[in-house]
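Alright, structures below, take your time with them.
Look at the two complexes coming up: subunit A is in both, with subunit B in one and subunit C in the other.
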Partner chain A sequence: MADTPRPGPRPAQLLRRLRRGLFASHLDTLITVVLAVVCGSGLWSLLHWTFLQADWAVVQDNIRLYFNGNFPVSQIWRSWSWLGLLGVLCILTLMPSRLLPPAMVRLLPLFWVLILPIGLLLLAAGLGFEPVKSRFWGGLQLSLLLTLGTILMALPLGILMALARRSSLPLLRWLTTGYIELMRGMPLIAVLFFGQLMIPLFLPEGWTFSRVLRAVLSLGFFMAAYMAEDVRGGLQSIPKTQLEAARSLGLSPLLTIALVELPQALRTALPALANQCVASLQNTSLLAYLGLIELLGISRSILANPNYLGRHLEVYLWLALVYWAVCILMTSLARRVEHSLNVTGHH
Partner chain B sequence: MAVFTTHHPLINEPDSLSPEDTLVSKRPAWRRKLLPILLQVGIGLLVLGAIALLLSNLQINLLRRGLELSFDWLGRPARFPLSRGLLPYQTEDSYAWAFAVGFANSLQVVVVGLILATMLGVIGGAASFSSNWLLRKLATLYVAVARNVPPLLHLLFWYVAVFLGFPAARVSVDALASWLRLPISVEFMALLIGLTVYTGAYIAEVVRGGINSVPRGQWEAARSLGFGEGRTLRLIILPQALRAILPGLNSQYINLAKNSTLAIAVGYSDIFSIANTTFNQTGRAIEAFVLLLGGFLAVNLLISGVMNLLNRLVLQRG
Partner chain C sequence: MHAMPSNSLKRFAIMPLLLALASCATAPEEKVSLLEQVKSNGELRCGVSGRLPGFSFVTSEGAYTGLDVDICRAVAAAVLGNPDDVAYTQLTAAQRFTALSSGEIDMLSRNTTQTLSRDSAGGNGLAFAPVVFYDGQGVMVRKDSGITNLEGLEDKTFCARAGTTTERNLNDVMQAEGIAYELVKFETPDQMEGAYLAGRCDAATADRSSLNSSRAGFEAPDEHVILDEVLSKEPLAPATVDGDSQWADAVRWVVHGLMAAEEQGITQGNIDDQVTSATSGENQENAAIRRFLGIEGDLGAKLGLPNDFVVQAVRAVGNYGEIYDRHLGPDTPTFIPRGLNDSYVNGGLHYAPPFN
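Here is the complex of A and B:
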């Protein structure tokens, strides 16, 4: 083929490749030149602004607020140590599993489930610490807590609903289908609005849920509908022969679901579920408009400080960077889990 | 009979998934039929009981606040100002009209957003197949950045940092509004651009997947017939990819409609912001929520209806 690089001196080869990639035709040359000019000037003004015009004090002075919110300063080590634990867990998960003792690798999922109660213990009270009310939680720490809580609630609920939607009992099927379609048709902010303002209306007198708990409940019920659809997609991809094989081995329907269907369905649905987890993190930002001071909420209150008047661009770029970094981290964690599942799946 | 009971002990568990299966379960027929019915009656009673409990709580709570469910207040004047929109509105107009104005505003941003996001998404998706290295890398960068930043931050960036930060941007929006003779506000533009950029990245991924589903031989055949890159894409690849693209587009469109409620962050008077203001003024949470849901049901049905129609047309032609 003409495409294969012909042997020749290196510079000539490079030139040829450049020509093929950027200047193959007149139109191509035009596109390249226009894009290069636009990107170059955009990049130049961004760099110019970042290093010469922007005043990053609004970020530097408030790092504690962005990460820990209004957590009492005397107790701040508790907040940092939870974030630290989370970081260590991420590193352990991302590490090649041959560098870890096998027992550790097996326990990692358990650690991921336990990190939420540990976080609640560390942040709220318990173990003889001074109790800290949930309205002092904030910043990235609260965003992560909400995300973890949402995922740990929505995933099991979503799996149950996916199974119920395929059940042979018509009533169960109708109820879950109705719930899933209703939830998926609603904008998230309406669900959160319902959760923050209307859950108290449905509770008996004297019952109160904290704002954070109401937020997790509404986010969890919302995400569960989406996760149920992803799991259902996974369930549908399982060939019928698998079920017939399980049946001919004498597995009961419940065992067939637990040992044959779900493991395969979850493996297929994993990329979609990972996207939902990333969406869960992005969704927490909406709570800034419903009275929670998570990462975006605390930034809004920082921007309301007259000392930082008009520093919006700095704060938004910083936030975009933080959200982007956490999203990328979550995506790579998911890819790691996918990889390890595929490896064990082939043996 | 005893011969058949040597199966796994768990076989006599309530058989919720396949009552018609007769290979393994050797239970009498009446039990196979009755058990599911009993189970469903149980579930039904449980759900009804929970709903009744919640509703009775609701009634007690509403009575205590003196807010029995009614829609009479819809006729009263709303008395809150709205940003300029397609439909005329004054503060003396009723709550009902305010909701109608909000619905029209939502519809306006959703329809224009759908068109622009589709254009951006198709360009972005197609660009990732370009032979131009720079164009390809830019498309990848755009998708990677736009998807990993929350939509709310997109809106705030365009509204606060661009339109409020640069007077030139405001002036050009006003110029556009007077040129098109449409009530285009800065808030509308910020919401529109934010939604377009965010949804465009997702649509680009859908389009990329669709183009990927067209066999490579089609590209090669077109090239050997002397078609250029652009014409190959437009006349040969995209029409075939459409079949795989449409279902994905439908869900992205509904996402865009749902994300349009983030208008509240930029102060655009969409249906959610009307519902929110109404609740703040009247305390009518349930009624405002029901109206909001009704509005969204209408938007979703509209989008799904149009997309189903398109889908049928594409399937007929192909």
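Here is the complex of A and C:
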């Protein structure tokens, strides 16, 4: 192009670029001005409301409820320490790996798997603590517990199903394909309703499954179908020649899967899987409509407190912030894992 | 063909089925009343909404409170002697009946309107306790609109929640009165509230108790009025599962006891004096009050409860009037005038049968 920027002092250059980008023609100028006014006034009224009109007592007074639900106050340290452990684990994972002892880096995935049983032990009972029933679990702590439970259940199940869908045994292949298509054809809320309403009716009298467990099972079975498809995508990206090479090296089918197929497939599927993990956090909020007091559910109970009537905007803005923060954390963890796999796996 | 093995296989397959059927047939006879189960569990599993201002919500300390919650507490106090022995489960409208019939909860205290189909075995199969709150659909308008009755709403716009009975009730009443109107529907109460405040409609319609709590959250509650006209009957009552009359009777008479206590002026504050007075004071000749307080006779034992179950309940949560005032009285943000919810002594509908 002819109009390459002439050399000049930096501010002038910047100004010229701005002018070319935003005010090149009359139409451009009009669009820029209209957009600036609309965005500016929107931002202004949001800030004005946030700092001058909003009454944040509804958030400040109930911090404990948002994070721990109505966990018994005498035992609340257990709830905080689990959230704390989770935080430490996030920090360790996000730290550059050269700052950590190599043994620690290798053990991190194990810690991530162990954090759920540790959480259950801390929150429910065991280790000589007073048992706390699952109906006292609530708030962000319950949302995270549900998310972790879902992921830890759905990921192995999804990998198994992805392999089964490519199996040479027709019955196995048809069953998994049928299952995956069934789950993908149903809205999540229907699956959750089934889990919360129908399972208790089918169970023999006297049997009860806690609602949290029922929620994890329904979320996990649902999410597994999606994860299976993500992993299958990864499996399909592996060239056939690699399998032939593995066979000619004398690897058994099981070893071929474990050493050749899965490591590559999972690396390819990682962005999609991370996406599912973030989605599974947000899916837990649907359980508020089924009476669970996870983050959104407990907020609705707080809103029913006559002292905070009509404070919906404050609460929902705060919730948006919390969900956003957790999601950002999850995506940066995923990026970190992706990065480390790419580095160690370079050929 | 190998007929023998397949036959014996069939027999094997049928055996467990027969066993299962047999156990189904004998199950009802062995069934223990929930009353005994609650006593042996040491806690009452109570289903509440947890999201209704004045009726059930969670305080900043994490405790459940509200009118519906106090009914659970009263039953726990009467049956177990401690109002805190309650395990609350939050239930949505869709879940509440399943939770009861699957045995996830022992009683439901969740703003449930008593209707024929919910009561009957052909419907939801519930057993209702006495009504604890007479609600009804109401209409809220802006005070400066000058509207004072339904006729004033001719050709005006109503905001209502979609898919609820509210919509149908409004239609029934307006059609009967021959008043034309327009309707805008919303998915959630928050949306409806927001639309009404933004002036999207001239009137909002919902149950009076919920209109009232919406209004309490407005910036200027005094600028809105709830019209006197009531468009529907919504008698809200606790419920237990059908077919367990011992448990249903126990819950029913605890609620009656709370109302009877109010009729007789027995309160949380004076309950101990009342007991002393009936045991050895001026009321020791008053057989009716002695029976009511469980000092003589075996009214409680007939229900499978301690004889002083009313004393336990009133000591724990107060009489019905006190419960009402604590959560919906003039000193609360969710004030609703007692109206139909007053004792029959004061012209309301609450009337306890005799404790004989």
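Remarks
Convention: the second predicted complex is superposed on the first by the 338 of 347 C-alpha atoms of A that agree within 3 Å, B and C clash if a C-alpha of one lies under 4 Å from a C-alpha of the other, contacts with A are read in each partner's own complex, and residues count from 1 in each chain.
By definition in this document, a residue touches a chain if its C-beta (ideal position, glycine included) is under 8 Å from a C-beta of that chain, and two chains touch if they have at least 3 such contacts.
These numbers come from a predicted model, not from an experiment.
Per the definitions stated earlier, placing subunit B and subunit C onto a shared subunit A by superposition produces a clash between them. By the touch criterion defined above, A:Pro11 reaches neither subunit B nor subunit C. When subunit A is checked against subunit B and against subunit C, the one touching more of its residues turns out to be B. Of the two partner chains, subunit C is the only one touched by A:Gly291; subunit B is not.
By the touch criterion defined above, A:Gly128 lies against neither subunit B nor subunit C after alignment on the C-alpha atoms of chain A. Applying the stated contact rule after C-alpha superposition, one finds that A:Leu22 touches subunit B and leaves subunit C untouched.
In the superposed model, A:Leu169 lies in contact with subunit B only, and not with subunit C. Look at A:Asp61: by the touch rule set out above, it reaches subunit C but stays clear of subunit B. After overlaying the two complexes on the shared chain, residue contacts for A:Cys39 are found with subunit B alone; subunit C is out of touch. Legend: residue contacts after superposition of the two complexes on their common chain; A:Leu255 is shown touching subunit B, with no touch to subunit C. Of the two partner chains placed around the shared chain by superposition, subunit B and subunit C are both touched by A:Phe193.
For the contact definition in use here, the residues of subunit A common to its subunit B contact set and its subunit C contact set are 193, 197, 200-201, 203, 205, 289, 310, 312. Residues 7-8, 10-11, 13, 15-21, 23-24, 36, 39-40, 43-44, 47, 54, 57-58, 60-62, 131-135, 138, 145, 147-153, 156-157, 160-161, 164-165, 230, 254, 257-262, 264-265, 272, 275-276, 279, 285-286, 289, 292-293, 296-297, 300 of subunit B are the ones touching subunit A in the complex. Those residues of subunit A lying in contact with subunit B across their complex are 20-22, 24, 27-28, 31-32, 35-36, 39, 166-172, 175, 184-190, 193-194, 197-198, 200-205, 247-248, 250-257, 278, 281-283, 285-286, 288-289, 296, 310, 312-313, 316, 319-320, 323-324, 327-328, 331. Contacts from subunit C toward subunit A in the complex involve residues 27, 50-54, 56-64, 87-92, 94-95, 98-99, 101-104, 190, 193, 213-214, 216-219, 332-334. Only residues 61-62, 64-65, 69-71, 73, 133, 135, 193, 196-197, 200-201, 203, 205-206, 208, 211, 289-293, 297-298, 300-307, 309-312 of subunit A touch subunit C when the two sit together in their complex.
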